[in-house]
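Okay, so chain A shows up in both of these, paired with chain B first and chain C after.
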Partner chain A sequence: MTKSLKILAVCGMGIGTSMLLKLQLDKVIKKLGIDANVDLADISTARGLAVNADLIVTSNELIDRIGDVTAPIVAVANFMDLNALTESVRSALKLNK
Partner chain B sequence: MNIKELLPVERIALNVLANDWEDAVRAVGRLMVDTGVVEERYIDGMIATAKELGPYIVIAPGVAIPHSRPEDGVLTTSLAFAKLNPPVNFGNEANDPVRVLFALGAMDHSQHVEALKEIAEILSDEDRFDKLINAVTIDEITETLYGD
Partner chain C sequence: MSAVIKVLVDFLSVPALLVGLTAFAGYLALKDKNFSDALAGGIKATIGFLILGAGAGTLIGSLDILGPMIEQAFNVQGVIPNNEAIVAIAVGEVGQAAALIMVLGFIFNILFARFTPFKYIWLTGHHSLYMATLLAVTFSVIGLNGVVLWLVGGIVLGFLQVILPKWTQHLATKVSGNDDWTIGHFSSLSYVVAGWAAKVTGGDPEKTSAEDMDFPKGLGFLRESLVATGLIMLIIFLVPAFFLPGADRAALGGGTNWFVFLLIQALTFSAGVAVVIYGVRVILAEIVPAFSGIAEKLVPDAKPALDIPVVFPFGANSVIIGFLSSFVAGVVMMLIMGPIGLAAIVPGLVPHFFVGGGAGVIGNAFGGRRGAIIGGFVNGIIISLGAALLLPAMGSLGLENATYGDADFQWVGILISLIGRLFGG
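Presenting the complex of A and B:
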């Protein structure tokens, strides 16, 4: 059994924007047909939690605040553009089309 | 709880005139204070959050979701909606200018999830989003938001 991927949705408070991001990422996961879970984090806890994450997704306005992490980061400008988000996640996880 | 439960017509405003983004957040926050769902200091919390972290609350072209922490004065999980006229820049290059605001007051991590899901549905549906952006009456807004 392969381990499911851990995706971290990061926003300022970990309550509104990242929740919206998680809702969109859940659709992306379904679309890509991958086994992954999305956890929420606020900007202050993100770096610690990022150690165990396979992918970090956040607003393009917050990307500079994440700091140095090993996991790839996807920066989102329009949270409602599901096609763009899907492509960004696909490319960051190096999935084949 | 769904949008209809969290966002009654008393917390919907049209033609809100705001000089700048702070003014816009104050206006939508005022709807929450006046209906007793947040304390006055929650408005300052929403502004401080956006100042500290930047305009990441502008989540899509024309749409901002100002919010702060539960402990910043939320009394009841709730939403407020304001349509700005004219639109206002928040400093988010990709998504400015902001036309509509959904302010969120969350008590915890779960009560507002259903309503956020509905908001995401509305914003990703081009027809419904156009209707919301072009609404000139409160009825048109509630029709679009409540889906009835």
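Presenting the complex of A and C:
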């Protein structure tokens, strides 16, 4: 792997729920054995930051607010379901099992 | 030798450096982080804390124009309940104690989770910081200082971080259908009362769920707190301006047109909040993962207590209903409270949206759409009254035109003040 992937965890203010997402995503990254960093963002700034991101993870109801971005978006309904999140990230990043 | 000690004491009495040192130590305590990661983490956390101060300056500039304007127009103290604003202003005075209480609070949280039946780990870091700041302010007002202040504050914070999640567990279980996690948000009083009121006075949650309704999605922009705060602040700046004598209004901006001047002031407030939130984010990104990692090793069977938006996916319509209802209650309370001699609490958008929204979801789970309306409404009443009653508990900081927006900050601060009066006289 040459460069580490950039993942953006997005929520309303970028300090609460996105932090939970980051904690979960850090576990997912370890599980998948990939080289990636997770940054936090609020929805107002996410669109701009998304340009440099390889993956965006946010909660279900915020997807519409992020708008058109090139990076794939993963929507999370149940924040504690680590297996579902791992599978969503795996398929969004097109990783092999 | 004394010169070395002086440097050490000076170093540790700067809150920003203290927070940085904590982040540094937290990183080193985790096995998979190396020294350079730890150093970078410590420096980032320090910078984050310094950013809070920069945001505070911006916010104070804007509030110093709003406060006198409301005073002159309506002859009441107008107060904005905005956690970020009051915390940023307060850390300028009690930063060292706040930083130490936050760190000790994490430690005591882990200890309580390990050794008591309250097995919860609080992961809503920004609320830990805000509560630590409130405890630092209110305990110093009633006369605690130094090591006693830090220890008492840390124990109380750690205790609140396990007992309040226990208190809200039944709500999270009802909303989500499982009890793997609970709510960790210092608005527990609002949520518990909302759930209870919805159960008693609401409808059938199965047959009248708010989620079965078609509901406009146009209010989604409210989730963008930057935009929403700017808009609401513009209204808050404009209303008192209309009640000023014409000559005073025209003079507001000096050489600039008064409307343009107020527009910029309103958006500047939002800019200040954005700066503070950025600072909080930088601090937390370094501290929360370390805390969470250590907690998972020491208390593997504890449940996480999570920020309120985790319940939002269980009731998208209820969030909007709860917000609107809470905001209406806030406006009604503002109009009532001035005349009865309390400060006029201008409805702050962030607590009404996030807490009113959460109370709406909880209300819907217990009492359908009527429950969602009632849940939001009781939150609006609680946080307006609480904000006004908290002001005297904060000493000279109560004279600032900002205060805490969430119920638990308010009742904890009021309770500490009452205890102080009971024993101090």
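One rule holds for everything that comes next: the second predicted complex is superposed on the first by the 96 of 97 C-alpha atoms of A that agree within 3 Å, B and C clash if a C-alpha of one lies under 4 Å from a C-alpha of the other, contacts with A are read in each partner's own complex, and residues count from 1 in each chain.
FYI, contacts are C-beta pairs under 8 Å (C-beta built on N, C-alpha and C of every residue); 3 or more make two chains touch, one makes a residue touch a chain.
Keep in mind that what you see is a predicted model, and the values were worked out from it rather than measured.
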On chain A, do chain B and chain C fit together or clash when superposed? clash
Please work out whether A:Leu95 is in contact with chain B alone, chain C alone, both, or neither, and reply first, second, both or neither. neither
Does the superposition put A:Ile43 against chain B (first), chain C (second), both, or neither? both
Once chain A of both complexes is superposed, is A:Leu82 in touch with chain B (first), chain C (second), both, or neither? first
Once the two complexes are overlaid on A, one stretch of chain C runs into chain B. Is it 41-49, 59-67 or 311-319? 311-319
Residues on chain A touched by both chain B and chain C 11-17, 19-20, 23, 40, 43, 59-62, 65, 77-80
Per the contact definition, I'd like the list of chain A residues that touch chain B in the complex. 11-17, 19-20, 23-24, 40, 43, 59-62, 65, 77-82
Touching residues on chain C, where the partner in the complex is chain A: 123-127, 176, 180-181, 217, 220-221, 223-227, 277, 280-281, 284-285, 288-289, 292, 304, 306-310, 312-313, 316, 319, 350, 354
Touching chain C in the complex, chain A uses residues 11-17, 19-20, 22-23, 26, 39-40, 42-44, 59-62, 64-65, 77-80
Could you please specify the touching residues of chain B with respect to chain A in the complex? 49, 52-61, 63, 65, 67-70, 92, 94-95, 104, 106, 109, 112-113, 116-117, 119-120, 123-124
